[in-house]
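All remarks here apply to the structure that follows.
Note that the chains take the letters A, B, C and D in the order they are written out, and that residue 1 is the start of every chain.
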Amino acid sequence: MQIAMIGLGRMGANMVRRLLRNSHQCVVYDTNPKAVEELVAEGAHGATSLQDLVSKLEKPRAVWIMIPAAITDKIVQELSGLLEEGDTIIDGGNSYFRDDRRRSAALRPKGIHYLDCGTSGGVWGLERGYCMMIGGDKEAVERLDPIFKTLAPGKGTIEPTPGRNNPGGTAEDGYLHCGPSGAGHFVKMVHNGIEYGIMAAFGEGFDILSNANVSTKQAKQDAETAPAMHHDLDYDLNLAEISEVWRRGSVISSWLLDLSAAAFAGDPNLEKYSGRVSDSGEGRWTIQAAIEEAVDCEVLTSALYARFRSRKEHTMAEKVCSAMRFQFGGHLERPAGG
Amino acid sequence: MQIAMIGLGRMGANMVRRLLRNSHQCVVYDTNPKAVEELVAEGAHGATSLQDLVSKLEKPRAVWIMIPAAITDKIVQELSGLLEEGDTIIDGGNSYFRDDRRRSAALRPKGIHYLDCGTSGGVWGLERGYCMMIGGDKEAVERLDPIFKTLAPGKGTIEPTPGRNNPGGTAEDGYLHCGPSGAGHFVKMVHNGIEYGIMAAFGEGFDILSNANVSTKQAKQDAETAPAMHHDLDYDLNLAEISEVWRRGSVISSWLLDLSAAAFAGDPNLEKYSGRVSDSGEGRWTIQAAIEEAVDCEVLTSALYARFRSRKEHTMAEKVCSAMRFQFGGHLERPAGG
Amino acid sequence: MQIAMIGLGRMGANMVRRLLRNSHQCVVYDTNPKAVEELVAEGAHGATSLQDLVSKLEKPRAVWIMIPAAITDKIVQELSGLLEEGDTIIDGGNSYFRDDRRRSAALRPKGIHYLDCGTSGGVWGLERGYCMMIGGDKEAVERLDPIFKTLAPGKGTIEPTPGRNNPGGTAEDGYLHCGPSGAGHFVKMVHNGIEYGIMAAFGEGFDILSNANVSTKQAKQDAETAPAMHHDLDYDLNLAEISEVWRRGSVISSWLLDLSAAAFAGDPNLEKYSGRVSDSGEGRWTIQAAIEEAVDCEVLTSALYARFRSRKEHTMAEKVCSAMRFQFGGHLERPAGG
Amino acid sequence: MQIAMIGLGRMGANMVRRLLRNSHQCVVYDTNPKAVEELVAEGAHGATSLQDLVSKLEKPRAVWIMIPAAITDKIVQELSGLLEEGDTIIDGGNSYFRDDRRRSAALRPKGIHYLDCGTSGGVWGLERGYCMMIGGDKEAVERLDPIFKTLAPGKGTIEPTPGRNNPGGTAEDGYLHCGPSGAGHFVKMVHNGIEYGIMAAFGEGFDILSNANVSTKQAKQDAETAPAMHHDLDYDLNLAEISEVWRRGSVISSWLLDLSAAAFAGDPNLEKYSGRVSDSGEGRWTIQAAIEEAVDCEVLTSALYARFRSRKEHTMAEKVCSAMRFQFGGHLERPAGG
């Protein structure tokens, strides 16, 4: 099947490769001509502009965009002037689901389909396949099924879920039409919210393990310091080995644990990392959706907040607490390292 | 190799079966004679008392106990009077690591080894193998290696961790000598703490998905209710299909997700469950250890607290907030369902 | 000075009374004629419609609206057709600050001022005065200073803040021009966010006190229940006396504590309350603002989530945890009360 | 009445002064002779050792200790060898309630009373009085009533709680016999837990206010950064004025707010403080007690964890999240300030 790809970064380029390997025809475009050249060398058709790209497609056209959320509106706007009734735009990036609703509503009068496709897989997707959560018109989703099927991981060696009563669905192949416009990115947004939560759960657990020798470090006794009530936390634990042993048979075995084990394997104290953790939108939107729904989600929220905090040296909240302590008790801050 | 098993519940009985299938010799005891009979029928040697059990073992003896934490002290106490220098007790249950330290210290003068072995695997361990985190004397751990190796999952089909520099270790087979007495249960405790966190992350995520249709439900507008700022949360999402699609290629693929998919498969709204979630000690101890270490662990703590809250109808904290609102604003509580 | 008041509920009516007592002239309107009659009997001028109300005011007019956030847009819209250049609308309710910005921008071309005035004080404001946080044009704020000064508590018996370098400001009287349009409601929003946090802090503290006798209650020992590690929590504490003693000289003395003491005084177990705690918008908006600012605010968020949770019997998140526990461990939920 | 004071730090010395001003007789001791001299100059009787101190007291003796929790056991131990039947030790520091129970049980056979007296008031107590929460034998509490009454704030100008049905109690004077041994420190512990929560609530609120101008700061747009969905957070708010205005008539008026206002008055950005916030035991014990009681207390816990985090540059948890992000997405950490 023929498809266009706009945006040839880490994700977009590898998706093209996976499609090419499976005999699909890809027309590709990126503002960086080198990225286009590379894929042309691997069998894609290059385009020099959006107009050029659209002109190289047969109707009904399908254009997949894989670009930062911040410029998606601009590209969709431009494409809407170039595409025609029956064509389809697939936004495979991480758009906010309300932007999808707005865009699909704006394109509907022109008869242009807009699919929102949350895409998980990262740099491993080329080999492992991409898990896709799709929102939009059923008609367009069904027409593009060969593309989704190729990008998706397929059943692989993963054991079937016992008791499933929908054996014919696509979920078992790793892609799913979740609902109308926005539903795909909504589900992907929550996926990422959960991802933040799981990452934080592992992070905290490894933190507790790495401090299990706290009693062996001398601590000064003064009225400002909580006195230790036990002095037996003297375990020097090997995080690389522990993350490895949990990969087999434990309740918490998971891909994120596999990745932790890989990270610890070469760098047992993670010295390569300072610990400044970015967040890229979905975590925030997840919490905002939860608040709109009046759903309490302490864990996902804490995971997000820990990322906020990780990027700061100190917060005003902390200074206020220090200032209050000085005001009521004359407590001076202890120096760094204290 | 020969080993005794005390406690033939869900975990203990299946561990015996796994050992028997791999040609180990097992002497078994439980206060419930039927549990003993069943395993005798499968090839184990039955014992009628602790004394009988010990008498049926060759020296140096190895006695594995797999019983509720609350009665472990009593059994260890009795065994300490029956065992001899060079013998080993393995506590495979979920003891508090400080109880392990106390017990091993008490047994040391008699020359009896005490190993603490955190055992993960649940009802699936018979087929899948048990992930084991072991603390105690190196000598005893090494002597019992054949037992651990049999109970553990082994390398299986799981891909090796790229970059591992300890290819000869046992972690890749699913068991690990973590450190001195208590270290095994400490690591297992944190494992369970992480487990609580991951479970809660999934729980919250599915909660947000299940309420994605909140705008379609009529809400009364009054000064006591936060007015909705959007009216487009109209997605009826299929949690069974979503949990299934995430199993393939997504960042959050994991065994706990597999289990969620299995639960949703037969019961898409989880109507079998009221949502009262027990906690069995490790989660609490994890938080207590974190506090002793001054490690912030919001996610793991929130996961524990959500379980506490799940078992109550209402809390005093909530009543205090209601009472304050009435005092300062004359706000009356809205009736149930409002 | 003359002012109109629209909305004669608990807040609006008492504000009129406080203005009347201090010789201001009030034209009042409410959809409920009885509310109007009552205040007319106390010296206000009644109006039968918005048009009637506007016609009874001298230019430049000042109209204070004190109505639920959900109908504010409608009333502002109607007033904008009746008022003229130089007139001022004061929204004293709990509008979202972005709605203020939108409304003031819409009224600006007509020369109508729009002030957003966050108003704290509740049912006690008549006697105690109202703390006001004001956003909008400086010109309108200054013209209405006599109204704000009367509604505000004034310096009273509260000790001056040591070291204040702005003794001439209005903050010491209990009202403040915080900034341009929206700034008043933004500050009031955060005020309410803090209020949620403080209420929850007291709520949790009293909860811990009220359960300090947990060891005296029989708990069943089984593998599903965290075993108690101590059995000495046998304190039957008197929450009414404790809340009273904290009112004098303690670090946590505060008005919300005074209100707690009042609530406990007549109802030591708060049996009048079920514990279903409403939230009315500001708490949610506070968290959303914090997320936009990448400010971690665990405490304020937890306080909001506890309110969400208080209004539900069980959550999907809890059911997912129950279902996972059954799947991996065969754990059945314990019955209610267990 | 006669009483001895051991420990003449900020708290102990001022308590002696308050007692002397009200015609009590004080025998004082501190390891620092200068601290003794100072109080002797103000009318106290100095002692050169514990033995000397005890010898200067009339029976039944009363010895108040006001020292760091870490050395309390040593002093109580020494006093127990010097005191006699009918004498009383009052621990006015911040001991763990279980230590009180242990100490009182150890002293009981000798007929020595041990009272645990949680004491709130900080550096302001000399003028403002001390709020005291007392545990132990009724007999000793009643005998020492004149001491407690003098140290306590008394009724002052604080309005009586409406509806109180115990007008004869001491709570209205600011001291309370809470229950048997440990009850005083238990209540004080929870008091401090609440204090942490309220401080954090204010801290977070001021943090949100101080970042209300986030839209005016340039932010780089890339795939690693959550794109801003609004660009109108352009408020430069004056925290000193806001904290001042809230002091009058607002729902959150409180002593801790008064102290915030004082801190902001001289230092509007709190530049004197880095934000490293100590914790001195009670916060940790509060959470541990809550966990023992299965009481969820998200707010109090978050407040404690924020203090832990404030004292670190980065955590292992954060590094794990960074490492995972690199593993699955090739995401490199953004540089500081990014």
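Criterion: contacts are C-beta pairs under 8 Å (C-beta built on N, C-alpha and C of every residue); 3 or more make two chains touch, one makes a residue touch a chain.
What you are looking at is a predicted structure, and each value in this text was computed from that prediction instead of being measured.
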item: Furthest chain, CA centroid comparison against chain B; value: C
item: Interface with more contacting C-beta pairs, comparing A-D to A-B; value: A-B
item: Chain A and chain C, separation of their C-alpha mean positions in angstrom; value: 37
item: Whole-Å gap between the CA centroids of chain A and chain D; value: 43
item: Intercentroid distance (Cα basis), chain B paired with chain A, Å; value: 28
item: Contacts with two or more other chains, residues of chain D listed in rising order; value: 122, 200, 202, 204, 207, 211, 226, 229, 251, 255-256, 262, 284, 292, 294-298, 302, 305-306, 309, 311, 315, 317, 328
item: Residue ranges of chain D touching chain C (in the complex, touch as defined); value: 98, 101, 120-122, 125, 128-133, 152-159, 161-166, 169-176, 178-180, 182-183, 186-187, 190-198, 200-202, 204-205, 207-209, 211-212, 214, 226, 228-230, 232-233, 235-238, 240-242, 244-258, 261-262, 265-266, 286, 289-290, 292-300, 302-303, 305-306
item: Chain A-facing residues of chain D, complex; value: 9-10, 68-70, 96, 122-124, 199-200, 202-204, 206-207, 210-211, 221-227, 229, 255-256, 259-260, 262-264, 267, 270, 272-281, 283-284, 298, 306-307, 309-311, 314-331, 333-334, 336, 338
item: Chain A to chain C touching residues, read off their complex; value: 251, 284, 287-288, 291-292, 294-298, 301-302, 304-306, 308-309, 311, 315, 317, 328
